[in-house]
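A, B, C and D are the chain letters, set down in written order, and residue numbers restart from 1 in every chain.
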Amino acid sequence: MSEIILSNITKSYGSHLAIPGLDLEIPKGSFVTLLGPSGCGKTTTLRMIAGLEHPASGEIRLAGKSVYSGDTGSFVPPEKRGLGFIFQSYALWPNMKVDRNITLALSEAKIPTQTVKTRLAEALSKVQLTGLEGRYPSELSGGQQQRVAVARLIAARNSILLMDEPLSNLDAKLRTEMRTELKRLHRELDATTVYVTHDQVEALTMSDIIVVMRDGLIQQQGSPYEIYHNPANLFVAEFIGDPKINLFQGEVTKSGADFAVSIHGLNVPSRRGFEAPQGPVTVGVRPEDIEIHHEPVAHALAAEVDFVQPTGSQTLISLIVKGQRVTALIPRFEMSLPTKNVWITLPVDRLTLFDASGNRIAPSCGEQSASHAA
Amino acid sequence: QKADPKFNAWMQKNQFGPYQKDEKWEDVVANAKKEGEVVVYSSTGTMNKVAEDFAKAYPEIKVKAYDLGSEKTIEKVVREQQASVFAADVVYTGGTEQMVFDLLPNNRIVNYVPSYLNDRIPKEHRDPLLTHVIEAYGVFYNSEANPQPPIKNIWELTEPQWKGRFSMKSPAGSLTTLMMLAAIVEHSDDMEKAYEKHAGKKLKLSPDIENAGYEFLHRLIANDIVISDNSSKIATAVGLRGQAKPPMAFSVIHYLTKNQSDNYANAIPWDLQPAALFAYPTYVAVAGQAPHPNAAKLYVAFLMGSKDLNEKSELKQPFRSGASADLLQGMAAFYQIGTFSPRTDVPPPPNSEMWPKARKLSASPEFVKDNIAKISDFWTAETSR
Amino acid sequence: MSGTTAPAGSYRLPFGGRASRRLWTFLSQPERILGIVLALILGGLVLVPLFELVRETVTVQPYDRAYLPKAQVGDFTLFHYERVFAGRLSWAIFYKPFFNSLVTALGATIICLTIGCSLAWLVVRTNIPFRNTLHTLVMIPYMLPSWVLALAWITFFKNDRIGGAMGAFAYFFGTQPPDWIAYGPIPIVICLSLHYYVYSYLSVSSSLVSVDSQLEEAGAMSGLSRLKQILLITAPLLLPAIGSAVVMTFIRVIGSFGTPAVLGMPVRYYVLPTQIYAAMGTRNAGDGFLLALVLVLLACLFIYVNQRMIGVRKSFVTLSGKGFRNKEIDLGFWRWPIFALLMVLMVAAVAFPLVLLVLQSLIKTAGNYSLSNLTLHYWIGGGGEGVDQLQPALVNNGNVLDATWNSLKLSFMTAMTTGIFGFLIGYVVVRTRGTLTSKSLEMVAFLPYIFPALAFGAIYIGMFSHPVGPFPALYGTFALLVLICSVKTLPFTARTGIAALLQIDKSLEEAARIQGIGWFRRMVKIIVPIAAGGLLSGMLLSLISIMRELSLIVLLVTPSNNVLAGVIYNYQSQDMPQLVGVATTLLVALVIGINIVIRVLTRNVKVAAA
Amino acid sequence: MSEIILSNITKSYGSHLAIPGLDLEIPKGSFVTLLGPSGCGKTTTLRMIAGLEHPASGEIRLAGKSVYSGDTGSFVPPEKRGLGFIFQSYALWPNMKVDRNITLALSEAKIPTQTVKTRLAEALSKVQLTGLEGRYPSELSGGQQQRVAVARLIAARNSILLMDEPLSNLDAKLRTEMRTELKRLHRELDATTVYVTHDQVEALTMSDIIVVMRDGLIQQQGSPYEIYHNPANLFVAEFIGDPKINLFQGEVTKSGADFAVSIHGLNVPSRRGFEAPQGPVTVGVRPEDIEIHHEPVAHALAAEVDFVQPTGSQTLISLIVKGQRVTALIPRFEMSLPTKNVWITLPVDRLTLFDASGNRIAPSCGEQSASHAA
């Protein structure tokens, strides 16, 4: 059953058409992440679900009830929708101390003082702010402010949670912990959650469904696996994955029944069952799928190491292949490679092909299941 | 007067105007006590004292006295009655133009003279409206700097030695000051004669000036008259001791009392040509459809002083207590120089021996009615040049 | 007026489901409903008197009989218009005073703005010594009745032109100050400025606390000098506050009577209010109302210009829910010199007139400043030679004490009422910004400001002498006094409310909305506390003005409801300067006291991270 | 030569001592990153360098000149220091459009209009906001606002750049691009840069020096390599690295000349030359160093797979080892592991040992060089 349904929603700011027409169904209890470049309309979408922004047309249904309809003009105001929301700009009340910021809604809802106290203490400890309840927001650091906003959501326990980049100002450690907290909250409340983030790891690890948007339009919607491995188009492929996917100009050739993809003159034979229209294609290869060899091997491209950049548990290797920059990722902390000239091979079963208009060339059945099993 | 059945019924019931015949004073008093309250709108703060005295004399009757100033007294009466609120019983203020020609004909007030006083007040002071006191503007000089009056003729004030040294309260916003100007203009013949006496030649009117009264004002203003917003300050400016070149002024003459209280040296050149005094009346009337008509009558009578008061009455300070108070009644609070009862049988207050003898100019209601606006305009135009 | 935005379509189906749902949607936006309700209420309370005023200018008045012998009172006439604007006297009645008014008002407004803004900046943003004390101190000039300063000026600078006791200046320096220093436009402008700069101060300072210092800091990082930071960044953000300060100051100054009367009269420098007063005083209501109408129109014009200038575009939210800081700027070397300068200003505007006032209450006869001529009789009794024994001392003067109590009651209740309404209007105006409702509400809420007080009271007699709808006849009740005072001082709270609300980011309210907190609670818990600084200053202004208001209510009070200003007026008309001094000092002391108490009580209210 | 020197700087907010005493030297032209948990004083430090906050005592020198001295009371105001600053909360001027926000400083500095125009266009295109110069900040999305703040810095070209989490609201792709831009700006201007971030990848990839702070105190200062591999104490070890380092309670034992570390009863023999005092220690192992075996091997601990979480190019494996949660990281995208029971081995040469008070036990020379070469 879908808990949140947006049908053909549009929204413009003045003459700027921010959302040209959005259809989105979010199943009950699922954790959905909106991903997309800055300015693509993520915040706007959340605000429309919350009722803070009037769409121009379309319909929004929450838990089976219409809360907005452009046809009849009906509109349920936000305070009646019973949602939880974390604002990108925190929206902390400067006139209240941390504790009041967190508990205001509770005491307004006439929840017994004792419960309020417990919930406050719990929320504070979850965001690791215990002891700061007596401060005003202006006396907190940026990250602390953001955590107060999170605590407010935790304490309120709504059944639909909307979060707009709730962890953007936190360090990795805290962020990992908070991520766990939010995920637990989602589970405990069996809440339907719409989450906006620009952090891929966050999106990939937390979500049941990822929705990739661009200029107010949905590009792809699917499980993290689908989004990562079967990007619907070049935009999604390039947007997801850090470091970015490598793209090569290639061509699908056919010799007999066997298809092959040629890249920079290299023929990568395809697996059995592969089928694609002949002609020019764009080939995407994820950095972690590129194998680096220190001596020439079969079906390899010669490459030159440009620079080596350790990022902790992994190391980015920037290579130049026939004048094109190619990024590879190795799962070790390295400061340098032993040789400057290396050879790379591309994994036969991990190539993603895009046609001239940027859409992925749907793989044949055989290939599909193959990549699933990987 | 317009016919208004409600008003007429009220008049008839309570015996006002044409219905005021064979007034039985005891009945009035008895009814007043039954009414138990009287509401007074007045232009002067002294009314609060009268109210206290009245309450002492008639403890059964509650007095509510409002001190509003003249224009607000009238405004309040008019606005209330327009809204059919009849709250006031007694209306007490100067302003001939409004009282006699607006409120009276529009039934907002009725003239009421206790019948026993009819023969003790000259007709002009009880018809069309009862005058409670006569007040006056006078020319003031400083008697410390000038043992003798510095001027003999009022026209001297238009001459260079008084340039910038003569002041008066602005008539803009002050009905009484306007009355004084009206008196000067109405008596332009006297002014003209005085000029001829002083200058020894005929008065030549400036262009566009109608008569000698206006001419005097014109010249006075041209002589850099100092306009003030406050009479008391004028009296202080003239009368303060220790000044080398004190100014002169038109001032309300009851400020002469400051000579005693504040040791000022104000004096009036009683023999000034054509006159040093410009008198004007303050009226008292019963409000139209007053809710407490008998108490109102009683209050008016109280204000005018008791039946037993006469020329021979011995009055001792403080007037508001003892036997004097019983005689003077409502007059006690006013009993000082500058506020004179129109009753012919009231002895003059202390220090006012000169009052009865001195020449006074005053403006007649008819003249005021037709000219006061014009005079006001004249003043506005002249002072803005 | 109501700013209904429902498209025409909804009218075709007045009872259809769609229309009623639209209506429901419309009604679910509290600011809309409020807008309509407020528009209706204000329409009744403000526009009816305005209409009356206009009507009186086009009817024959009793006073006009001399000019229009044939006309009946109450007939339609354009006589007043002709007389005031085109007649022989128009120069004297209107044009010259109008010009004078413009000159003094513009001059005073500019000075007020300069003083007010500088003070606001110093007190809010810098480490000037005794900041908190200063905040109360700089308000005091406004707490003195405006004529007190004018009288002080006259006492100090008067020359032999008006006679009487020598002015202090002449006494000390042995020469008479020239007329242009003693009287006329220059002293009028100075006295008015020293009194009314408080508007700019309050408006700008309460707005300044909600401007994030990081915006200025970003300017500093861009290498802007401090002055440039203020001019390019802070000032534009304060534009709504400055705009409303300009409007309030200008309109108030151009409408002020007392100071020009005292200082202008001796050299015949007339301004519009003195002309209005003159006309009303001679019961020439036609001219008086027409001149007043000119002021009303001028006020509208000003608000309109203000709205255009500040507009929707240029008012910026400065108080977001994120990373707000308010930092103190170090004045360094200038800290104490600037403080000293402020003290000089305060002495001139506060201490000096105050001392004179106290002295006035102690002196037996004017002009004699020797010790033996002083008495405490009028304060604590005890008598002595040369005092008016009949006047009870303050301590057992029931008159004064009752009046004081009434004044307190009236001004407190007014401040509360007007505070609530001002806030609501501010809220509606800001939230529906750009709509017709917003604009007209803002305008209407400001009209009473300039409306001639006496006429206002007079018209209210007519409006409230009979039951209106569910309300009983209010005439003669204390409630009517509160009502009229609230309407009259509404502009203070409405303006400060608008300015304060303009700076609060929507998201602060949205965050509460989302959490299911209803409109009323949102207001109480979030918006009001954040806007409290601005609102409070508006309410204080109302309170102060009502404490000394007279003309407005004089026609409506009953003797048992007499107020302090009424007592002062009585003493003045009975020429008892000592008692005037006593009562005025009492009034000033009360106002200052109330202010301090309120400041102390609200110190813990955290306003905009101040 | 040190461009920025803080000597014994302290700072308190009211009674809260935010910085108890900070010594920091930043060499000219270097790129220094401040890292530390939320609320540790990073922003405060930057603000003091910029002159936006008065320290309580100490001395600050910029480019050889003293700009603050607690002893003499001298203080150079921020506008005279000529620094570039990006605020954590952007601090865009709401009354100015995007273009004015970016160029205000330039036109104030009397730079010719033509130059200003070029720089504006350049800065806008670098942050990918071309076309939005006519908007007010309130009409931009969160990420767009942040990019305006970055553009302001880019256009101003100061020689000392201070940036407070300048990329926190951007998505991965944009962030990578902006990172490159900022790094290029740093190089082009040869600017000394102090950078605050909570993103470890950012810190590790961009910095010459990383400074790790905690409660206003510097915990460690060094190259990314040092910080990652030789954390000075448990705090740094735990803070750096995402996912977090695994910690085991162990004991150093000695049998003959050979040292060994025993963990959960498993004896991990040490390499040659290893020396450490005998007794209890805390052993740190980075997730990527843990090897997972699907059948029992020598020197392995039995583990149970709790959950598997793919993060894109890597997959987090959460294991339970003798009741303790252990995280391992494998360099592939996996949705699950074939078996639930696995065995893990710990890399002999990659163990970091901490003594009872949490400080790292300095390795012997041999070990040091060994890990460097890794």
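Things to note:
Everything that follows uses one rule, which is that a contact is a pair of C-beta atoms (placed from the backbone, for glycine too) under 8 Å apart; a residue touches a chain by one contact, two chains touch by 3 or more.
Small disclaimer: the values here were computed from a predicted structure and weren't measured.
Chain pairs C-D and B-C differ in how many C-beta pairs they share in contact, with the greater number at B-C.
We define each chain's centre as the mean of its Cα atoms; on that basis chain A and chain C are separated by 56 Å.
A separation of 93 Å divides the Cα centre of chain B from that of chain D. Taking the mean of the C-alpha atoms as each chain's centre, chain B and chain C sit 37 Å apart. Touching of two or more other chains is recorded for residues 322-324 of chain C. In chain A, the residues that touch at least two other chains are 89, 142.
Within chain B, not a single residue touches two or more of the remaining chains.
Here the touching chains pair up as A-C, A-D, B-C, C-D. Residues of chain D touching chain A in their complex: 13, 16, 35-39, 42-43, 88-89, 139-144, 146-147, 164-165, 168-176, 198-201, 204-205, 224-225, 228-229, 238-244, 286-288, 309-314, 316, 329-333, 335, 374. Per the touch definition, chain C reaches chain D in the complex via residues 212, 214-215, 217-226, 228-229, 232-233, 236-237, 239, 314, 316-318, 322-324, 327, 330, 332.
If you check the complex, the residues on chain B that touch chain C are 44-46, 48, 64-69, 71-72, 74-76, 79-80, 82-85, 87, 95, 97-98, 101-102, 164-165, 167, 170-175, 178, 226-229, 232-233, 236-238, 240, 242-243, 245-247, 255, 261-263, 318, 369-374, 376-377, 380-381, 383-385. Chain C meets chain A in the complex at residues 10, 17-18, 21-22, 24-25, 28-29, 319-326, 505, 507-508, 510-519, 521, 525-526, 529-530, 532, 605-609. Residues of chain D that touch chain C in their complex: 50-54, 75, 77-79, 82-85, 87-89, 91-96, 104-105, 108-109, 136, 138, 152, 156.
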